[in-house]
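The letters A, B and C name the chains in turn, as written, and every chain counts its residues from 1.
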Amino acid sequence: MATASTTTGFIRLLRALLIPFLALLAALLAGAAVMLLSGDDPLAAYSGLFQGAFGDGKSWARTIRKTVPFVLTGLSVALAFKVGLFNIGASGQFVIGSVFAVAVGINFDGLPAFIHLPLALLAGIAGGLLWGAIPGVLKVYTGAHEVIVTIMLNYVASLLGGWTVYAGGTQGQTPGPLWDRTAGAISETPDVLSSAQLPWLFGPPYRVHYGIFLALAAAVLIWWLIFKTPLGFEMRTVGHNMRAAHYAGIRVNYTIVLAMALAGGLAGLAGAIETLGLNHKFAPEFGGAVGFDGITVALLGQTHPIGVLLAAFMFGALDGGAAAMQFESGVPADIIQIIQALVLAFVAAPLIIRMIFRLRRQTHGDAGSAVSTSWSGP
Amino acid sequence: MTRYQPAAAQQPAGAPPKLEVLNITKLFPGVVANKNIDLALNKGEILALLGENGAGKSTLMNIIYGLYQPTEGQVQVDGRPVELHSPRDAIDLGIGMVHQHFQLVPVMSVVDNIMLGSESVDRGLLDRESVSAQIRELAERYNMPVDPNAVIEDLPVGVQQRVEILKALYRQADILILDEPTSVLTPQEIEGLFEVMELLRNQGKSIIFITHKLKEVLRVADRIAVLRRGEMVGEADPAAVSQQDLASLMVGRKVTLEVEKEPANAGEVLLQLRDIEAFTDLGEHALRGVSLDVRAGEIVGVAGVQGNGQTELVEVITGLRQAAAGSVLISGQDMTNASPRRITEEGAICHVPEDRHMYGMVDAYSVADNLVLSSYYKRPFSSGLTMNEQAIAQHAEELVARFDVRTPSVRNSGASLSGGNQQKMVVAREFGRPIRLLVAAQPTRGIDVGSIEFIHSQIVAKRDEGVAVLLVSYELDEIMALSDRIAVMFHGRISAVLPRRDATREQVGLLMAGAGVANEPASQ
Amino acid sequence: MNQPIPASAFRRLGGRYGNTMFIALALVAIAILVNVTPLKEQTWLRVLFGISALNFTLRATVPLVLGALSGILCERSGIINIGIEGMMLAGAFGGFVAKTSTNHWPLAASLIFSVAVAVAIGGLMGAVHALFSIRFRMDQIISGTVIIIFALGTSSYLYNRDAIAEGKFSSIALPGLARIPVVGPVLFDNPPITYLALIMVVVVHVALFYTRWGLRTRAVGEHPRAADTVGINVNRYRYVNTSLGGMLAGLAGAFLVLEAVGQFQEGMTAGRGFISLAAMIFGNWNPFGALGAATLFGYTQALQNELLLAGVTRVPRQFISMLPYVVTIIAVSGLVGRVRPPAAEGKVYETEGSQ
């Protein structure tokens, strides 16, 4: 242990990256095996995937564009993990964030952009905060397990989002409040006013907006919050040992609700950025699949904000390349979902990876926090 | 090392011992738990295995019970070498074990617990009737009454222990291993247990009695074997050995059995409890009107069998549990149901919790972080916005040196320390700041004698500085050794408060068992 | 001196049958009352309690109760199974593939074979969950999540949109019983998996509380070390139970494809696995309790359909569709309160000194 602290820090970083890297490798190999078994050509698929993700400027742009929401939903799940909660609700929070942001974005005509845009983004964060706080509050005051509550809230959010843009039915049902009256039978909102749109960093055909900087800033901010502030210390203490936190005078309930709300806020921000930067409107199909992927991203990133950035980039590449892969090689893009599940499995069970790659066991560090709290709550 | 002498009454001449372990060594990563141990148990004797916490007693017994595989060595039963791969093998060889932490399923009935693993089945369904009948018969024969249909968690610990013994007897055990069986009992219950042990011995059972309590060894054992740091250091004849000799043998140096302290110089009342009522998480009425005063410069020991409300009492005082009624005054200030932080700060109180892993520390945190667990938000550790890692590390270095916490560095995780050092870490954090009131629950549970002596001396030192000390312990010896006054808890009430000099073990023991609770005690 | 209330008294509040059973039975009693008296002329009462609503309730209850039983088997042995949703979906997909590849067989043979495949796939997923949780010490909630994502991805990847399952299970009226008013058409005129699900409730109940296997399973889930010290192989019980649980989830999937819908749809479980978990918790880990809770959840789904069929347009349909999810949240937060899960749930059991 006599090495200088910078070296050990670097080695520790490498060691932390080893398992996720090998997990990805193993998942790609296993995915290839699945493709071979179902008669697809894995080499063609992966080369299509790589081309689609990094082949040219447009591919790079797509990868970056797709990375943004993964960073934020990954951070959302990672932050909840820090207080020992499993946030499966990022997709619901994403949807509510989108709806709130779009509600502000299509109204307030005439507001200058430097007020309108931040307002719309804040609305998205607020929506997510609200939706994230619900499971936190229920957990704290009734013991309802956040896993079930967040999943149910995902369905509720999706229906709620659907209702706000509902075009009305054939039986004369009332249309939703955000529905675009000019859209006929299509359920969607009008376009976000240009004063609330996130500007392009590179305009069409690249379509990269400034959201990437918001995502990067969020990652740094969350890193600082978790590891450098007293609040972060409190969150980590609650996550590691709730009783000890209570004993140490930390307001456990408040910390849990706050962390869940912030987690929701991050996912809500993701929704806001997607609507204000990319889709420029909300429709039911702009749902929150990225929310569910946030779980994998967070775990792959070892619930560390910097790790989440890397993992999100990887997911952005996988997602960005998927369509090109299907187009080039005819392998259904759903294979990506299988690969993502395998990555999650391998990351969550390092023992499998150690077995496959015959690594020697090492003592467990601070890395993962257990989430299998029982159903009865605190 | 002296070899055992085949002195027991029922051992037929020339026959092999009932149980013998030969040259047992057990290595854990980084630790030699047992080293070249030889031990023999004769038929119909009570063999006491004496050693302090961490000496390797439980490891050895777990090897005999098939829970651990020895690294080297052999176990023989009736002179034949046996393979013990699992408890099943041990049970089949007639070995039964009563574990220190009862191995009973709390939500299941006595009969279900006793037959578990050796069920009686009739046409595919459990035959609870016939097993109940057998339990009643065994209970009668060995004088251990118990209701087979009772649910374990409703039973007092003493009865739960009976169930454990019956569980072994139901499996027709000839060899009984009792691992620290007295630690949860009142003196009277301990005496009852000894009578059962003697009855069992007289009926031909062989018993290994594991303990670290010298008095008990001398009271009940036919023969004594002493383990120290994983090695067998000697055997003794209870008729020919003193407590002092045994203590020195056990610890490997001269030990003072008494805690040295001057008479207390009690001052103003710093902690005043009035008619406190509280409930457990499950809604049981745990505190039923507790009133107690603790003065500056005195140690008030709360004696009682575990589960009589002590845990809840400490939690109410420290703000970890809501009081349903009554009041807590600290230094004259009303602190009833105040937040833990307010109590810590304004009450100048420190709390050594009953279970350090549950409350007292965060296993994954470094020693340095653990040492600021209750002050991380204050200057210089935090500026309000950011934490100051340097100040935290420096503070840790100071405390580690002052309280003799042995750790390679303050960056090592709390989990990596030994039990005694973890406890010293907790004590360092709590004692290391200015306090007026000290609440210590089980401050020396499961740690080595050296750490116990250190912590005891620190508690006495705090008292002498004028701190009011409330000590909760399930070890009557600890209460007797440290207290200036003794409060006995039974069924959620303080049933008596006695000055130490007037209290005898027997009297306190009777009170712990509920004697004299009919008349409502005076609050002081 | 009054004695303390024994802790077990709280646990026994609902007994082994659970409070939920009483609520469900009350619902049935009201329904019978409505249907055999002139009350049935009232439109609203008919919507809420008509035979059609009851039939719908039972249809919605079957996958939920099977899922809840799946959860009970796993969790009583100490393994948290959040992957029921995935196991159900995998079972449904397996059953669908089996059915489409045996369309040319006689219908009954093809259906029975497909059920067997669905159950086997579910069991396999259960075994994988056990393997992840026990052998590879993966966090059980994450392992369950992996199962869900994997099932979603694989079933979408392999799903052939041109494949059509021909035929599904039809109702079998039990002679005599089916003619009892109200109860007959609701309970005794159903397709086979529905009967099987109801029978499984009784089977699991008896097995858990009156057999050696059940006693050991519960001990393993409550206090694995106690079980270990009397020679019970803790992890073997966990493997077996989790696999059996997976099989029940697979059966629920078979019900969806082979009995209720007749076809496979991507993500067709639509949260039923999670609602099952809520039913398990609400039913206090008891089979009859779970049946009661599943019936209540099933009823909210039936209500959703009845209201839409009755042409209720004042309330947007999205809000009616939220009903089952909102009721689930209310159930796990408001009404549950004092549930007591198996004590050793979610924790890896390692024999001491096994390293």
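Brief remarks follow.
Assume contacts are C-beta pairs under 8 Å (C-beta built on N, C-alpha and C of every residue); 3 or more make two chains touch, one makes a residue touch a chain.
None of these values were measured; they are calculated from a predicted model.
Between chain A and chain C, the least number of touch steps comes to 1. Centroid analysis (C-alpha atoms only) places B farthest from chain C. By count of C-beta pairs in contact, B-C exceeds the other of the chain pairs A-B and B-C.
Inter-chain centre distance (chain A to chain C, centres taken as mean C-alpha positions): 30 Å. Work out the mean CA point of chain A and of chain B, and you get 47 Å between them. Between the CA-based centres of chain B and chain C the separation comes to 44 Å, rounded to the whole angstrom.
Within chain C, contacts with two or more other chains are made by residues 340. Residues 34, 38, 86, 88, 138, 142-145, 147-149, 151-153, 155-156, 159-160, 162-163, 166, 169, 171-174, 176, 292, 295-296, 299, 332, 334-338, 340-342, 344-345, 348-349, 351-352, 368, 370-376 of chain A touch chain C in their complex.
Those residues of chain B that touch chain A in the shared complex are 318, 320, 339-341, 344, 351, 353, 358-365, 369, 373-374, 376-377, 382, 384-387, 408-409, 413. Within the complex, the chain A residues that touch chain B are 1, 228-230, 233, 237, 240-241, 243-244, 246-251, 366. Contact residues of chain C toward chain B in the complex are 1, 4-8, 10-11, 206, 210-212, 215-216, 218-219, 222-223, 225-232, 338, 340, 343, 351-353, 355.
Contact residues of chain C toward chain A in the complex are 80, 82, 132, 135-143, 145-146, 149-150, 152-154, 156-158, 271, 274, 277-278, 281, 311, 313, 316-319, 321-322, 325-326, 328-329, 332-334, 336-337, 339-341, 345-347.
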